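Two complexes, one shared chain (chain A), two partners (chain B, chain C).
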Partner chain A sequence: MSTPRDSGCTLTGALSVTTEIEGSVTIIHGPSGCAHHNFSLLHALCAGRDDPRLPRVLSTDLAETDIIFGGEDALDAAIRRAAGKNPSIICVLSTCVTGAIGDDVEAVCRGFSGIPVISIPTAGFLGGGFHQGHVQALMSLSSLAEDDGKIPSANLVGEKTLETERDEHFNEVRRLLAAIGIPICTRFVCRTSVGEISRLSRGGCNILRDPSMEGVGRFLEERFGTPFISSFPIGSRGTIQFLEEVGRVFSLDVSGAIAEEEARQARIFHEFRSLRGKRVRFCDPFGNRTDSEVCREVASAAGMSVHPEGYPVPVPEPFPVGTEGIRRLLYRWRRACRA
Partner chain B sequence: MHDCSGPLWPCALTGAAAALAGIGGIGVVIHGSAGCYYYPSSVLHLPLYCSSVTDRDIILGTEDALVRTIDAIRDKYDLVAVLCTCIPAITGEDIRGMLEQAYSDSTRICVIDAPGFSGEYEDGFRSAIRAIDPPVSGGKTGVNIDGLSPFDPFRQGNFQEAQRLLGLAGTVAGAALPSGKYRYGQPLSPYTLHTNPDLTLDLGESLGCLVGLSRIEDAIRRIASFTGGADDLLEHDIPLAREKITAACDRFIKKFDPPHVALFGQCRTMQEIALMLEEYLDADILVIGSRNPPVPGKYRVGRARDYDAVVEILSRENPDLVLGSSFEKYACPGAAFVGVTPPLRGTVRLHSCPLAGIEGALALFESVLNACMDHAKRRRDDPSP
Partner chain C sequence: MKQIALYGKGGIGKSTTAANLSAALACRGLDVMQIGCDPKRDSTRMLMQGRLIPTVMDLVRERGDTDITREDIVYEGFMGVRCVEAGGPEPGVGCAGRGIIATFQILERLGALHADVVVYDVLGDVVCGGFAMPMREGYAEEVYLVTSGELMSLYAANNICKAISRLSSRSRSTCRLAGVICNAKNLPREEELVAEFAKRIGSFLVLYIPRDQVVQQAELNKKTVVEYAPSSNQAAVYRELASRVMDNRRMDIPVPLGIEDLENLAYEYSP
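Our next item is the complex of A and B:
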């Protein structure tokens, strides 16, 4: 049975990128239902973050006659209407319906000048789901980047903008980079302006959100010659390795920053000393037993042991980032051990 | 104008899924891409299945994907309902013929055309119920309850309140559709009570609707005409509810001006609520922003199926009380707000709150008066616009 349980539509993945561009309007070229599904999900996310701003999402609202005669005229009219909202960029997402009826979305988008109009092929039946849409949007938007000289700075690529802890993850990576004197050039794409995207090629290193973004990393490496690091730092050892890796890319001596980070980690494990000697087992979000190398490492560093009869502690998905992520993880584990 | 900006109401597919997924014995298969499955699945919180067609299936035919999905679930259900999305509607495959050939009489299958481009939530909801054609039996006792959509945050509260009222009126709840207490094929009583005037189903004789105190009284009188026993409700409970609401509204009006109200949601439901607000609170009903196609009524109605339309109505009318969904709450942060329409995001809801019935009316006025008083106090403390 091919029933997906843990993924969203290609459109949702693409929208998680395009709606994060400041001043953007995203057009979903298809029936209004496709746009409603996604607009409602984005609204839920904004409400959860107590963020009253809603992304600007337009639907071409195709009806039966458009399906028969083609939807390109409707798209042309929608782009004109979107342009009237004075956006920084218009992103056009295709849907299963327009993919199936064969609308030439790319050609309609090419017919506009002045405001950038970017076509992102996201027909939902492509099979890749959310991730495919996320990747496709990043690759399409990279066409806005101007080939330019490098500056000692890093880009963050493929942040999962729908993650609840998005800002905490970003702040932790920014803290770690600041500790070795590396500023962030472009967040590609999270609360980003079109101007910042155009400077994408200037970053000396692309730091990918996680290894699922390696396709984008390779694409940008080929296009702009920018090396990449495969993931935000995870776990105590992973955080130290992250600092070493960034240091290597920029030919920096990071030993001082590493010593400070190790001391910070030691302070955190001391803060949670009440966990020492506890026996734990790892559970996924559904309560099923699972295993995790990073969790074993954290448990060991905190003085805990892994045992089939131990307290059930959660393995979060996504895993919290960096040293501060370890602190958040240990709070949850301590609560689980008390429960 | 052809396009819409930030569509706020689900399509026919979600309506059809909402109608069938809560009925016992029916397995619902969404025949289309995985994207079409994701939203109904996340908002309905009921088991749904999907054929997850891919571009390869579009070229070579979707039969394999659909049959594979049905094969995996057909033993668990009395009926498999196949909801055809936009894609099979466009490719024009003969889904019924294909499934007839694949299963003949071995599996009971009902194919329902529910492409998103063909209509709205209510259209899909009704056509799905029509397609399974629940049998009405003259010998069946009790009263059916309809309008219980799993998309509606008030569904469980409405169900419990309707059951309570039927019990007090000397009868029992029969089938509760679609997402209450009903199993596919079970005969329905010849009488039906509605909990949502916008989702009424033609199932037996209508006994009326439970939204609005006057409507409730009418419905209870009809029920009493054959049970002969709703005296407590008619002589005590409903008058007491009226008295409580009147007293609370009087206290409010002594201190504050009646609110200027904009309501957003399904048209008939909003009209019933507006009538009560006018009657008891002397509210000035500025406009009803309708998610579904408007129906004529006492108040001015505009279409509000997209976010830009909502923003335009709110800035034009400048209400000090808004009833609607969390979209309206965010679009008009300066007004008092009461949530009556899905979605209601950014708030914790744990108990089963009704919008229908006597308790629904009391809960509504409780929310309205508290919201208005909080708003008035905020304005008094911070008079800046």
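Our next item is the complex of A and C:
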């Protein structure tokens, strides 16, 4: 299925990663407009979350003469300028025009030592959208990881840093992992330090945000031998299966944790008992009828029935993660049903 | 104002032909301007007594594109031929095609593009949109293909036909193929072959320029043949070329040959 993440520009997707690295500076190697658009977008999203940080983004501000004579000197100067700000890392993102004239961004980045300077190819005209940029950024940043022995811990891979409920999703996965005694090694990448990224290979399991990250999962599996789980847990059964899967990876007995989680789910369905007997139909954010297996599962567990004339209840996209996600979903449904 | 462009395979003798053509046109009393559109910047050298004039792109690199005057980029050579070199980036970086486009914009802004005849001498192959710039609206209306009878040279000429036919199919486009000039390598049946090639692509052979030692001698003396040896046969040939170019009324939309047809044609005329 195509999603809004498949369109847009690879540059934006990569920025959604690089600006989440603590102390990073991101250089957009191209005309200033490429940086301006993306800076505005990130700034608006941060402001919407009451996050006063300004994304640290620089532009090489290329003009026609840089295109004719090549933009590598301008990039070199910009990296020096960025290095003067004592960043933890400098990420260099290419744009359409520098891709078209063949600037060797990788080689310019290699010319620096001390601060890590990472080149991330993001020329939008080469195809792919926001998602491709997200994936590309993670692949490029994985070169920072040192090859270390594994410790019993998990990485979270490909968190959607711009999604509204990203902290709720993270907290829920952390809670579930803590329930079976697995700490988080690296958030790859969301509010992450460079040190954390360098420990990426130590995580015993990569938990992907959703199946669209499987390319990165396979890449890291090949590179560091880390097995992956395809998605954050979705729905009540999905959450139990998630615990089982993590247990299998770490050879843990998770029956106690599963029993506790099932009890927690039962308490939630009890809490929303006023929904029992309600007839609902599922709607997408535009009010159009839609269907969703996981919604039917939740509705049935909550004692509701699906009917074409039922109350229209929303199917959020992305779907709320884990058992706590079900609580938020039922809360919204209860409002929709006026129950 | 007559605007003509010479295209052809690299090393085939475009610049030599262009410089001698410009010199011969100037000798007829015409006001001539030659614009070298190749980062190698050696199109106008023989008209300038061997001097490599500063290129438009050199000046842009040194001082930006706003502080350039006509006097900085237009140099008067043999018989008053006004010479311009577009220049370009260092080999292997940047975008030479964009440099050609920028050069044309600067020439326009300075009002430098006027003469009885403007001769555009363009890099070997039309590798990108920038090198097709001289064929665009408002610039060269007559394109001459310079080729020898060698297959690779004909192949390049045929390729350039693709660019001409593409551009000339646009509405308001006035760019057409004016003819084919054979700059000989002294191969057997070379003139016949190039004439037949010209006919098959829907054009004609303007003139056969024989290979002559005097061309090298003139170059060693940093002059065009027209200047160095005006009474030579070769100089007479270039003067004849000037005359035919001025009289030529052919304006064709060429039909490029398929690779097999081209190879078969070359094979038919092989010794």
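What we mean here is this: the second predicted complex is superposed on the first by the 331 of 339 C-alpha atoms of A that agree within 3 Å, B and C clash if a C-alpha of one lies under 4 Å from a C-alpha of the other, contacts with A are read in each partner's own complex, and residues count from 1 in each chain.
We take it that contacts are C-beta pairs under 8 Å (C-beta built on N, C-alpha and C of every residue); 3 or more make two chains touch, one makes a residue touch a chain.
Remember, it's a predicted structure, so these values are computed and weren't measured experimentally.
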item	value
Joint occupancy of chain A by chain B and chain C, clash or fit	fit
Partner chain in contact with A:S24 - chain B first, chain C second, else both or neither	neither
Touched partner set for A:Q265, first chain B, second chain C, both or neither	neither
Partner chain(s) touched by A:Q132 [first = chain B, second = chain C, both, neither]	neither
Winner by number of chain A residues touched, once chain B and chain C are compared	B
Chain B versus chain C as contact partner of A:E64, first or second or both or neither	both
Contacts of A:E72 with chain B and chain C, given as first, second, both or neither	second
First (chain B), second (chain C), both or neither touched by A:G8	first
Inter-chain angle, chain B to chain C through the CA centre of chain A, in degrees rounded to a multiple of 10	60
Partner chain in contact with A:H37 - chain B first, chain C second, else both or neither	first
Distance in angstrom between the closest Cα atoms of chain C and chain B, superposition on A	5
Chain B/chain C common contact set on chain A	64, 66-67, 100-101
Of chain A, residues touching chain C in the complex	64-72, 100-103
Residue ranges of chain A touching chain B (in the complex, touch as defined)	1-4, 7-12, 27, 30-41, 43-44, 46-48, 50, 52, 54, 56-64, 66-67, 74, 77-78, 81, 96-97, 99-101, 123-127, 129
Chain C residues touching chain A - in the complex, by the definition given at the top	57, 60-61, 64-65, 88-90, 93-96, 98-99, 102
List of chain B residues in touch with chain A within their complex	1-14, 32-39, 42-43, 48-58, 65, 68-69, 71-73, 86-87, 89-91, 115-118, 305-307, 326-327, 330, 333, 343, 345-347
